[in-house]
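See below for the structure under consideration.
Naming follows writing order (A, B, C, D and E), and every chain is counted from residue 1.
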Amino acid sequence: MMGEFMQAVIAKYNYWIYITLMMIGLYAMIAKNNLIKKIVGMNIFQTAIILFYVSIGVKKGGTLPIVEHGHGAHAHAVHAADYLNPLPHVLMLTAIVVSVATLGVALALGVKVYREYQTLEEDEILARIREK
Amino acid sequence: MKVVGLIIALLAGSLLVYATADFPPLGDPNSPASVHVSPRYIEKTMEETDVPNIVTSVLADYRGYDTMFETTVIFCAGVACFLLLRVYRREEPQERLYRHVLTGVTIHVKAGKLPPSPDFERIDSAWTPHDLIIKTICRLLIPFIQLFALYVIAHGHHSPGGGFQGGVMLGASVIVLAMSQDLRTAVRRLREKADALMCATGVFIYAGTGALCLLLGSNFLDYSALAPVLHVDPIMARSHGIFMVEVGVGVAVMGVMIWIYNNVSSMGKYDEGL
Amino acid sequence: MSAHYPTLLVTVPLLSAFVISAAGWVNKRWCFPIAVAALGVSAYSCVGLLLKVADGGVVHYRLGGWPPPWGIAYYVDQLNALVLCVVSLAALINLIAAKKSIEREFPEKTAPFYTLYVLFVTGMLGITVTGDAFNLYVLLEIGSLTGYGLIAMGDKARAPLSTLNYLYMGTIGACFYLLGVGYLYIVTGSLNMADIAHLLPPLYHSKAVLTAFIICLVGVWVKMAFFPLHGWLPNAYTFAPSAASSLIAPLMTKVMIYVMIRLILTVFTPQFAFGTLLVSKPIVWLAVAAIVMGALLALKERDVKRMLTYIIIAEVGYMVGGAWLGNRAGMTGAILHIANDALMTLCVFLAVGCIVYKTKGARFEDIQGLFRKMPFTMAGFVVGALSIIGVPPTCGFFSKWYLISGAIQAGQYGFMVALLFSSLVSVVLFFRIFEIAYYEPFQDHHGETHTHHASLMDEAPLGMVVPLLIVAAGLVVMGLYTGGIVSHVIRFVIPKGLV
Amino acid sequence: METIISIKPLLAVLVSLLVTPILVSSRASNVRESWTFVAAGLKFLIVASMVPAVLHGSQIVYTIAEVFPGVAIKFRVDALGMLFALVASSLWIITSAYSIGYMRGLDEHSQTRYFVFFALALSATIGVAFSANLLTLYLFYEMLSFATYPLVTHHQDREARSSGRKYLLYIVGTSIGIVLPAMLVTYNLTGTLDFSMHGVFSGTEPRATIVVLLLMLVLGFAKVAIIPLHSWLPAAMVAPTPVSALLHAVAVVKVGAFSVIRVITGVFGIDLLSRLHLGTLIGYLAAFTVIVASLIALSQDGLKRRLAFSTIGQLSYIVLGVALLSPKGLIGGMTHIAMHAFGKITLFFCAGAIFVATGKKNISEMVGIGKRMPITMTAFLIGSLSVIGLPPTGGFFSKWYLVLGTLQAHQISMLVVLLASSLLNAAYFLPVVYKAFFCTEQEAMFPNTVQEAPLWCVVPLVVTAIGSIVLFFYPTIFLNLAKLAIGV
Amino acid sequence: MLWQLDLAVLTLVVVVGIGSIMVKDLLGAAIMFGAYSFLMCLLWSIMGAVDVAFTEASVGAGVSTVFFVAAVFRTTRRTKD
């Protein structure tokens, strides 16, 4: 029983790590008071999802998704089982780009908020708004 | 809020843990993800696109449409940062800092006046020590970074890398310049207008390649339509098409990275950076 | 060229965005015509596509020439085509109406604003037209990022913070959706919606599929501001510049509802959503809560724009509830309401845009005497309001009719009562505004009260009023064509399985 | 029965709708008023041109759009609709003339708005008259509610606002909160909303459902002002008098009564209701309203308020007549739409004329006015007689048929109600006339300078008064239409 | 691949991730985030996703961190949590 459980834990350890990271990120986004901290949490959250996708692409016995021998090697039959699944990698390139784009906009907004209120703490800003 | 956050995070986490039970084991070669769609990419990439790096071929050809929008996302971020932060009405600071290049003496000059002699260089208002080593090494490094970046773009067909990574590195080289010298130097090298035009051009190259295929009578982004123009067979045309869009991606990403950095680090004023 | 409509409608605005961005550095005056032309072509393609689809059924388009599921494919059926038409036409009309206010609010930054505007529309159109689950995510992010940029340009003090909150919530929503797609991918190995639907039936009882569904749904709900997840919406839309709020408010939530319906109908299939899962009832009750809370929260507000944002939340409840009634009438109502609500939200927000343009605000103090001052704007506003209340022959009545019919057929009387309740509350909400604009005297700078005899007409520019009136007329036309839309378009969307 | 497809019903509705842009854009008041007349005249001509066909027993049908499966926005001109449309469109011409006199006489503000919404309201009224199904009727009913709101609240003061609120609360609240769900349930039960002689129900539905739906549909059309949903009507009397005259003697309230007739005869069908003995239920509601409203009217001093309560009572006559479910009662109820309209509009015109000439609104301030304004007060007398139901006025006929109807239906209690309320009617109208004419010089409250109201005011009220008398001698057209409507 | 190395990296990722949201200095958080990204990049290259790792190295560990530092430099390092 215990062994099976451990087996299950080990067989999917990447997934457990990704869930942990995602929870960390989500918690930071909801619970943190500092706007930049929230952005950090947001990035951790996004990275966790990328980890998840990359884990899908893992294939035991597979190598890097670059066809060996390159050009002029058409004679060689390529077997799918020999290479890692490239599709999640492709998707995650996109996701990384999206995350950096979001980061840029978020930071710009953070800077703009700071320019207006001279603080990045959400509760202080809200107090400032209420004063008005 | 802390408790709420914890509860939500735990709820979401437990839902995901619950679902993980039905996943195929990590690295299972017979999992649906490994046997349904992806095998074709692996097995046919050479015959269909002549690109050994499967990630590149999928990225820029099979799912090239995604990548076009990925580049657009970056472009959006650049434009959004610019729109949000850029301020045109410049408030002249009360005084500027100038440093005598030879002696390292720093002087304050009132707004509107010029330093006493041309030997003075302007420095940012947050005083930084004069650091010859960093400046020189960065100057030395930047060409190599850029060269490597170009290699990454050009060699994306065969090795890890491609337009995106290369573009980021190109952008980073300029950012390094801006950090080691100052923002004004970097902006002098790459004017804001040129930078913005570069962003637009880069994505335009990508989408334009796609539109070119459309004009040549194929579906959007079907690079094989370029064959008659490039005088190659359709498979090579795909390979070339991938290269074209990779270049576009590189240009766009480089421009946007610099654009965002400039805007964020100077709060849109374009005078003082990090 | 008609074979390429599906791609033209997305790529023309996309390409034009880059041209606009570049043109802005050369001559700012070129931006607006380019944007109008691009959105015009896009709208033309959308309408052409709708006619084509209504004529000959589903249209497939393979991007890059690759067959699905390997490449990305467009899969345009009547549902997409309808939403596409609404999105592109609304965006085009709003662009024309917003010219004046854009030029006044950001004289130096018209070019990036137009760029983001066009890209936002591209994103919305792309989301609607795509048949690939991951492609949808990327386009969703385009829509969101541009949306953040547009919204944050509003009220100087408040907009950035509310946008940042929107960004956090929006990112969570989009990431949840992405995660859900990942879960689907891991169990099916495919990203193409039709292919996933084909592969799913043996997996209906898998925990991963269930979780994927829940996560996707929650993600989409965050983006559409469904009731308990609506916190970001009121501030974001209230403080947005009027050009942006009248673009984003009608389109964003509606497109996300489209995504939800697409997930139910195409990806997970109704058998799974309504049959295997027993969540319809709770979700409809949640929708009831959304409608009631939206209406009540709107009552509290003393600002027209802010009040309208809560009405949007209630309207989201209409559509989610309608879709989850799990019968033909409810689904018809929900789909019809996507189109109708987009138009009527556009109508009222355009009117608010005109008002803000003239009075610098839309608080209740600002709108005094507006019937005299801006009669045409207010006429448009009244038509939009009547549509939201649900008065025939404006289109809002007809979708509400289907929704209530669905509620009766499903035996969900709570939903029916909620719809009627929100109609009545809308009467109160809007007539409160009308009363202020109609009775209360307009105070000018000297504090004098003008008598009724003085002529004070001070209408917004023609470029803003005419689009508003066109949309207002469109509301009535849509209402009269309800039968046609349902029998020629929506009827084909709903699978036979639904009764 | 022959069915003619023709665009005429649509034209009749649209004519006043299409004229509104011209009204809005015309700057000179003369232009505006002549266009109003043109529209009114055209509308009457179009309506009148359909009369021969309808009298031949044909129906004129026009479908605008099929909006739901089995339900279209559709016009169908039948005898009942024609009866109502004829009354409304003919009286609009007269009211237009009167409006001009009244609005100019008092130099009212926002006259353009006034005429525009007046035209809109008439469109809606004709639309209701020609509706072929409950949905179309509801559509125009709602349109009428919103179009009359600016008319009711024309003065834009606090009193107007609170009356306007009450008006909306009762009218719109009931139509959305009661009629709409009832209509939806009906549609989902039967799949149709078209009016037909036999009703839409198959008769197999549970009795409780029918009862609830009947009550919802009868009470929901709150324009008919059955107690307890009546109090909007007195409140709405803040409107300028021509509005009260046309809308609250003819258009709005009669739309309510008309809707109830349609509901009883077209949706449920007389057969079903008499089989389930549900007519009496509505009859008792109406009878109660008749008596109570008449009693309240006795105690009112404001002339217009007294007229308003009188209207509430008279409307319930119509409902009562229809609820008797006997042919004679139905004829009485339907013709009462026309007869009461002519009588009541005369009375309102007189009230307005008095206000224009003297500025007085209360009955206690009108002693001796008959000597100064003899024409007006003579017309008032004729109007009163018609409302009470005495010859030589048209009101006599409708009341006569109502009485016959009660006998035919063996409802003696209803007969008692009718007679008692006639007495009450006489008791609240005749003293007004009496005091106006017969008083000593000391009691008379008006100096010699007071004259008749302007010609634009006096002529219309003379016309309608004469109309009331003419209807006594030539009631055939309305009687025939009513007979056709019930298929006798 | 050595499972010990794998485990060490995975543990470190979590530790650094928690650290970056706990540290009471925004500049520190930014740098920690850079480290987190870099560890992620290691992890992915272990898993064979070289392209993703390359991108993460240049974007996550590189440019993102610079953006963070720039933003913190322009605003404040102070944070209450």
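Here, contacts are C-beta pairs under 8 Å (C-beta built on N, C-alpha and C of every residue); 3 or more make two chains touch, one makes a residue touch a chain.
Model, not experiment: these values are computed from the prediction.
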item: Shortest contact path, subunit C to subunit E, counted in steps; value: 2
item: Most remote chain, CA-based centroid, reference being subunit D; value: E
item: Selected interface, B-E versus A-C, where C-beta contact pairs are more numerous; value: A-C
item: Distance from subunit E to subunit A - Cα centre to Cα centre, in angstrom; value: 11
item: Between subunit A and subunit B, centroid-to-centroid distance (C-alpha), Å; value: 18
item: Inter-centroid spacing, subunit D versus subunit A (mean Cα positions, whole Å); value: 70
item: Rounded Å distance between subunit D and subunit E, as computed from the means of their C-alpha atoms; value: 78
item: Multi-chain contact residues (two or more partners), subunit C; value: 134, 138, 141, 145, 148-149, 152, 160, 179, 185-186, 191
item: In subunit E, residues with contacts to at least two other chains; value: 50-51, 55, 59, 63, 67, 70-71, 74
item: Touching two or more other chains - residues of subunit D; value: none
item: Set of all touching chain pairs, with the criterion as stated earlier; value: A-B, A-C, A-E, B-C, B-E, C-D
item: Subunit E-touching residues of subunit A, taken from the complex the two chains share; value: 13-14, 17, 20-21, 24-25, 27-28, 32-34, 36-37, 39-41, 43-44, 47, 50-51, 54-55, 57-58, 62-66, 84, 88-89, 92-93, 96-97, 99-100, 103-104, 107, 110-111, 114, 119-121
item: Subunit B partner contacts - residues on subunit C that touch it in the complex; value: 4, 7, 11, 14-15, 17-19, 21-22, 25, 61-66, 69-72, 108-109, 112-113, 115-116, 119, 122, 126, 132, 134-135, 138-139, 141-142, 145-146, 148-149, 152-153, 160, 179, 183, 185-191, 199, 206-208, 210-212, 214-215
item: Residues of subunit C touching subunit D in the complex; value: 386, 389-393, 398, 401-402, 404-405, 408-409, 416, 420, 423-424, 427, 431, 435, 438-439, 452-453, 479-484, 486-487
item: In the complex, subunit C residues that touch subunit A; value: 134, 138, 141, 145, 148-149, 152, 156-158, 160-161, 163-164, 167-168, 171-172, 175, 178-179, 182, 185-186, 191
item: Touching residues (chain side subunit B, partner subunit E) in the complex; value: 53, 55-56, 59, 160-162, 164-165, 168-169, 171-172, 175, 179, 257, 260-261, 264-267, 273-274
